[in-house]
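One structure follows; several queries about it will come next.
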Amino acid sequence: MTLFGLFNYWVFAVLLMIGFYAVIAKPNLIKKLIGLTLFQSAVFLLYITMGRIEGGTAPILSGNTGDTIYANPLPQVLILTAIVVGISTVALGLGIVVRIREEYGTIEESEISEIDQR
Amino acid sequence: MNTVLDILSWILLTLGGLAVLTGGIGALRMPDLYTRMHSASVTDSLGAILVISGIMLQAGLTLATLKLAAILLFLLLTSPTASNALATAALLAGTRPLDDEDSGDAST
Amino acid sequence: MKCMPGCAHCEATSMYIVVSLALITTMGIALARALLGPSVYDRVLAVNMFGTKTVLLLSVIAFLYGRPDFLDLALAYALINFIGVLAVLEFFRSRVPDARERRTGRHG
Amino acid sequence: MTALFGVFLLSLLVITAIGIVRATNLFVAVMLMGIASLLIAANFFILDAADVALTEAAVGAGVATVLFLGALSLTTSRERAPSANALVSGIVTVIAALIVIYATFDKPQFGDPNAPVHTHVAPWYLDKTPEYIDIPNVVTAVLGSYRSYDTMGEVFVVFTAGIGVLFLLGTRRVSRSLEEESKINLGLRHHLIPRTIGRLVIPFILLFGLYVQFHGEYGPGGAFQAGAIIAASLILYALLEGERHALELLPPQVLLFMMAGGALFYAAVGIAGMLLGGNFLDFSVLLGDSVKGQQIGILLVEFGVGVTVTGTLLSIYHAFAARNTR
């Protein structure tokens, strides 16, 4: 157990940085948004991991038993709304990318800045 | 009675696990798209039927069984449909099945 | 909803674990197929297969945890996965002539 | 045992993420995102977060895939330029990753019941929910009642994002004759089997969405999930029957009305509480019995959320798809 005691957090770190790499290194705008989505997912994973209690169950009360352990509901609420908000904002980003493509004819960062400098 | 059900569901679950695993290996090892599809759809239908009916035997007559039946029904409806749409799309896009004559060329 | 009646649940646990191991392995295989490709259709096939296996895995895990009311989730996956696969096929297909058209001249 | 499942699924997730970043074909990247989303959702399920898993499945695997595909069909599916200064970014990322991993050694062990997160607020929620609100699903209780200010803010963010997409891409009517439309003989609407099965399945998806919406107090579910599922089913309808029919069924004006109406309804429930002598979004004054009042308040608020989420996601989808068929 202690061997994997921090595994979820490591995965969080790696996933976060994979998303980050996509955002800073990839010149393609849609790829950047994909990286952003990965970054978001990593954060979601962190929150949900923190909310878990060993031997617990989902925070849906099952009635009489007093000694059942339930996971922390608060991170779950935050992430639940964040997922829907996340997709809406990513959609906004995609809308901007589509408009950029229509104006510039490309979604590669370098070509866009070239056109801008002309 | 209970033991009989248990043994039966054991058998169904094990067979289901085997079907899923063999289908998966087939999907990895088969030479072209259509054979892979064949192998994958076997896991989707047979594996799903076996695994879910195995769990259903464990669940007994509860709401859970009803939900499992719904899941099974949807899987059996949607998964072959998806396979069909996929095969049509691939064929229309010009992916040819592998013939005997051009055996060994799995790149298409 | 608590445990199954009697000790059937405890005995059942071991076989749920066996089946879920088989399912997880197959998920790994499907992922390998999705990463290897080679064509887009192979990947769609892998995504579909992956989705079905996730549905089965979730049903099994719901029983492994002894909370069958979470089967709703598996049901949702079964339905959503279908939409995802059909959407991929639809957009991929309607895209093919588009690309050709764009190459000859920008429009809009 | 379940910890091992988690380890395995998370390893698959990391592999998928690397595959996503490496894929040069953006279609492939989006498909792998679908897989990643399923993996994350399965992980959430193992981490005892049933509600979140349902949301991630409905949003990530369904709606997000469709929206990304819509954007791809309007732009390009090839990533042309290679990574700019990949080496520098790689080094920066690795260093940052190592720093974050170093930081995790101060975190409490996985599943530790004495972690700081579990000592504040949360036990109170779990203790008091049966007394104050009396619904089994604590997540819904926190979402709808204890933290309903927060949820209202989120709903308005969703609404604003939808409005933003509409500003950018517009809700142009698809003004094409049927004849023209049938000339484009691509797409699923010309294939019998998907259409038939789709027609069979769509009502059940809708029904399931409504079940998730109204069963959210008792099981995993709630308005955010239901909104995404209902939107996904209507998106499937649009895929199978064509953009025209979908827009005839639910015109853009109706969708706009849903977007704004749901959010305003949410606020109106809060104001109703004020008029009845309580605070803004205090539901206990809505009915004579404070517990019943909380329950009815959560139900109404969730209705508003569901309507807004459905309307927004569908508007966004149509904004992309209608531009596509121009």
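The first chain written gets the first letter, and so on, giving A, B, C and D; residue counts start at 1 in each chain.
The rule is simple: contacts are C-beta pairs under 8 Å (C-beta built on N, C-alpha and C of every residue); 3 or more make two chains touch, one makes a residue touch a chain.
Note that this is a predicted model, so its numbers are computed, not measured.
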### Query
What is the minimum number of touch steps required to go from subunit A to subunit C?
1
### Summary
Ranking C-D and A-D by C-beta pairs in contact puts on top A-D
## Note on the structure
Whole-Å distance, C-alpha centre of subunit C to that of subunit D, is 18
### Task
Averaged over CA atoms, how far is the centre of subunit B from the centre of subunit C? Could you give it in whole Å?
12
### Summary
Rounded to the nearest Å, the gap between Cα centres of subunit A and subunit B is 31
### Task
For subunit C, write out the residues touching at least two other chains, lowest number first.
1, 44, 46, 65, 69-70, 72, 75, 79, 81-82, 86, 89, 92-93, 96, 108
### Where subunit B touches two or more other chains at once, by residue number
74, 78, 81, 85
### Query
Which residues of subunit D are in contact with two or more other chains?
30, 50, 70, 72, 76, 188, 194, 198, 201, 204, 219-220
### Message
Output every touching chain pair, sorted by label.
### Response
A-C, A-D, B-C, B-D, C-D
### Query
Tell me, which parts of subunit B touch subunit D in their complex?
74, 77-78, 81, 84-85, 88
### Message
Can you tell me which positions in subunit C touch subunit D when the two form their complex?
### Response
17, 20, 24, 27-28, 31, 34-35, 37, 40, 43-44, 46-47, 50-51, 54, 57-58, 61, 64-65, 69-70, 72-73, 75-77, 79-84, 86-99, 102, 108
### Message
Please output the residues of subunit D touching subunit B within their complex, sorted ascending.
### Response
188, 191, 193-194, 197-198, 200-201, 204
## Note on the structure
The residues of subunit A that touch subunit C in their complex are 57-58, 60, 62, 102, 105
### Task
Could you please specify the touching residues of subunit A with respect to subunit D in the complex?
1-2, 4-22, 24-28, 30-31, 33-35, 37-38, 41, 44-45, 48-63, 69-92, 94-99, 101-102, 106-111
